Amino acid sequence: MSFTQFFQQLMNGFSLGSLYALLAIGYTLVYGILSLINFAHSDVFMLGTYFAFYMITIFMLPWWLSVVISVVLCAIVGMTIERVAYRPLRSAPRISALITAVGVSYFLENLGLVVLGARPKGFPRPDLMKNVYVIAGAKIQGVSFWVPIISIGILMVLLYIVYKTKVGMAMRAVAKDMETTRLMGVNVDQIILYTFALGSALAGAGGVMWAAKFPQINPLMGIFPGWKAFTAAVVGGIGNVVGAMIGGFIIGLAEILIAAFFPSLTGYKDAFVFGLLILFLIIKPNGIMGETLKEKV
Amino acid sequence: MNKNADAILSLDGLTMVFGGLIAVNDFNFQLQSGDLAGLIGPNGAGKTTIFNMITGQYIPTKGKVVFVSQELNHLPPHAITSLGIARTFQNIRLFGNLSVLDNVLVSFHKELKKTFFSAMWETPGYIQQEKGMREEGRQLLEAVGLLEMEKEEAKNLPYGQQRRLEIARALATHPRLLLLDEPAAGMNPHETMDLMSFIQRIRKEFQLTILLIEHDMKVVMGICERVAVMDFGIKIAEGTPNEIRNNPKVVEAYLGVEG
Amino acid sequence: MNAEQPLLMIDNLHVYYGGIHALKGISLEVYKNKIVSLIGANGAGKSTTLRTISGLVRSRTGNIKLKDNLIGDLPAHRIVEMGIAMVPEGRKIFPNLTVMENLILGCYIRKDMVQIKKDMDWIFSIFPRLKERTWQKGGTLSGGEQQMLAVGRALMSRPQLLMMDEPSLGLAPLLVKEIFQIIKKINQEGTTILLIEQNARAALEISDFAYVMETGKINTSGEGKSLLFDEKVRKAYLGED
Amino acid sequence: MGKRDYILTAILFVILLFGLWLAQNYLNAYMIRILNTAFIYVIAAVAYNLINGIAGQFSLGPNGFMALGGYTVALLMLPVYQKIQVYFLTPLIWPFSVITFPSYLFILSLFLGGLIAAGGAFLIGFPTLRLRGDYLAIASFGFSEIIFVLANNFIPLTNGALGIKGIPQYTNLWWTGGLAFLTVFLIRNLVNSSFGRALKAIREDEIAAQTMGINPFRTKLLAFAISGFFAGVAGGLFVTLISTVSPTLFTFAMTFNLLIIIVLGGLGSITGSVVTAFIFAFLQEILREVEATHTIGSFTIPGIPGMRMVVFSALLVVLMIFYRRGLFGTKELSWDLVFRLFKKKEPQE
């Protein structure tokens, strides 16, 4: 493999990894606070692509505006899910909340199949993403170039929110100790709602960019990226925002490079991610950035 | 070097550090077979942490736990139970949705020969074993006065009986050493009196060595032969209840220094 | 002095934890600018009382009144807004947040940036050691520093009433002394304090008034120092007859 | 179980046998198929409830285990000449290319299918069940998806997306019914045994269970493997019922159906799962109506394909929020309970 090819693949891996990172944040934020695998997160990601698709094709809105609207709609969907399905179960056994999460996810997928149709739709890519750039002799597709840049921009904003604002502070506090956070005068229910909004917005943004990269969208498209993003969150250390980003890049890069170096294994690249998950659970169950959790006796 | 060869439990220089905070610092203590000893001290002194190190929930940062000349430091909790140490918890941890009898029977599981395969096919040997186990479980419930409640779900028992059931469940593991973590917490004076005679009775009946953590000084002074007092993770005194009562250090730990 | 209206008034409070009757009719009053302490052995129900006032636990019956407002049914974060702050048992500072962030979270409900800045300086003047550690993570502080941070954090909401659950817990004697001096100072600067302590002697030394609890009830009450020599107090602690 | 209960159970068993005989001989093919499906659901659901309900460990793996069992049985039972036809593009790998079990070894193939599935369960359980938290859910979900990927891509073994056709149809009501009875019998015994109590104790409070001398990891792993075994058997039965297997047969939808069954019946109630497995099998057929086109007078209401799963998933969420206990909670349907039900209806003096 020549250097330019390698460079192309690297960029490709970066862009895929940045999308996993965007998606992984939502999982890790919610898990950090509620200890809940939000299975429906991947479906919010899917809905994001459809929102943008309809904004562009039916309402004929410009691309950037469609993205903004779709991100906002995703945030609303995320908050609705929390309010309707998860909040009533907050003090229920954990397995109940998990089953509900699976139910909500499956509901959205099947509703999607009925309302949006099972047949894949072609996502209209903007010119920006279609252009081909030549960098150091390597031809880089617009998506491979812009997606990581935009994603990293979004991730910066997220880091700012989580680490520099009062709401972000409250989120980190809730994740550590819900009761004491209440004693600070923080409306914890509201913070949890914000968390869902934030995670879902990122999923929406990720979804639109995913569709720009792989312009075939269907109601089940969220399942695999979602599962891999959760794996990324585990690899990075579940509950840790920076860890989720690192995990996302690791999985994205690994997936692309495996396929680049061993073309015959392309069909098994998903199985490889599974292997990585199992490996991490055995040797480093707390992930790269995770801390040891100890149950109080 | 073991100072006391025939000690049933010996804690040598136990230290537990949680992220910079020293919960227990160089704690030394010995129990002789048949002792009934108390571990007391103000809240947060590190008493429960010591229990957690003995039963394997925590791995000591330094020092070692020796039980009948076997070091326990890196054994998992279930292996430590099998060696003959049982405990109760400060905040009662019963199997709430299981019946009272089942709560006790769970503790027999580790000793069973016939497990899942013969259970599936209900072999005669298995049925025999199950029958024997139930009998023993009910005897035990009778001994602690809970036999009438055997079919009730544990979570429906009144508080005092829940404490009793937790002790019964611990006894069912056939321990030589029983660790009781605040058995009288939340009890009224009358229940507490009952509990004291109950502890003394099971100690005789089951030939136990008992170490208990307690806040209710009446209990400690009433039944313990030896008391260790902790404060800030350190043992500040050890002796008979009378010695302890008059030890200025102890009074200070409890009533506090001049403000 | 009883002519004036108490800042906090609790009337016949009953609280149940699962099947346990934890508080069996607690009534007490806290007057403005006083230090009132609640003492008694472990398990007597002191913490439950504070947790009920702060809205973390719901009472079955009984009233909690802050000045003229009934606050018994408000959620915890609204109670903070009403002007009651709490230093929880075991400090409970946020170990993953810096000292500064812990303090900012303490004034989460406030918007007056200028005054917040002044209060922050005030906190640092009371606890100079916190100032040196502004950017350190809470979890890396020593026990005493964590206790100071917990007190400072609670003060940042500018409460009318500050409740403290065992501020001396797990602190070395020298630090206990320091903490109690600070409590007194805070009180002198205009904050009413309701204090829970195991360390009865230290608490009674600085208290204007005290209630002694035993098994969910208030047993005795009286002016702080006079209780120091009360036989009942000794009994409640050491179980002497 | 008292003497009375033994007799009543025996009588019920005979009645059910007779019912099976009637069904096999007099019901139409459509009804027989529903009954067969119901029995297979019983096996899979009861096995699934063992890990999710009794042990309280959230697995999303049963469709993967059923696929493992299904493919194993298909590969073992398919006649060699049929194998050559099916694998005409890419030949089947050795040794499956030369193996064909005679029909009397059908039960052995089911057993082996179960063992392979149990092996899969062991593979996921080993790294995840040591850990607290919900890693089992995400790993088992991933595992099932990987099985799907492998079934599609490992063509020399699975024939890819085309699947395997022409599997001999051994399965009839005697097989499904018989194995369903056996499974319920075995798992019920297990749940009532000391092993079952240990599992429930882990579900209630893992730390306390460990303190009572139970090795939680070993106990959970064993339960998970047993659960996987019976899921594999159910998969094998399913494949020989419809005589074909392909990657789309055991998708997540299968796991989801089982999840609804065990939640509706009561997490932790074996008999509950049996009852709801039957209800579900029929409900699934009834709800087909929703998807069909209806004509009322001159109006035509177009059918909405896929609506069934929307209804089911909404049902699951609503159940979890408002009716978490399910029909039976963690209780078992027993003769005592039946008698009590009847007693209530009798006028008392």
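For reference, chains read A, B, C and D in written order, and residue numbers begin at 1 within each chain.
As a convention for this text, a residue touches a chain if its C-beta (ideal position, glycine included) is under 8 Å from a C-beta of that chain, and two chains touch if they have at least 3 such contacts.
Nothing here was measured: the structure is a model prediction, and the numbers come from that model.
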Reference chain A; chain at largest CA-centroid distance: B
Of A-C and B-C, pair with higher C-beta contact tally: B-C
Chain centre separation in whole Å, for chain B relative to chain A (CA means): 47
Chain B and chain C: spacing of chain centres that average the CA atoms, whole Å: 33
Approximate Å spacing (C-alpha centroids) for the pair chain A, chain C: 43
For chain C paired with chain D, centre-to-centre distance based on mean C-alpha positions, whole Å: 56
In chain A, residues with contacts to at least two other chains: 297
Shared interface positions of chain B, touching two or more other chains: 57, 89
Touching two or more other chains - residues of chain D: 207
For the chain C and chain B complex, residues of the former touching the latter: 19-20, 22, 41-43, 90, 95, 139-143, 166, 168-173, 176-177, 180, 197-206, 215, 234, 237-240
Sites on chain D touched by chain B in the complex: 186-187, 189-190, 193-198, 200-201, 204-205, 207-216, 222, 226, 330
Residues on chain B engaged by chain D in the complex (per definition of touch): 55, 57, 76-78, 81-82, 86-87, 89, 93-98, 102, 105-112, 115-116, 119-122, 126, 130, 133, 169-170, 172-173
Contact footprint of chain C on chain B as seen in their complex: 19-21, 42-45, 158-159, 182, 185-186, 188-189, 215-218, 221, 232, 245, 251, 254-259
Complex interface listing, chain C residues touching chain A: 54-56, 75-77, 80-81, 85-86, 88, 92, 94-97, 101, 104-106, 108-109, 153-154, 157
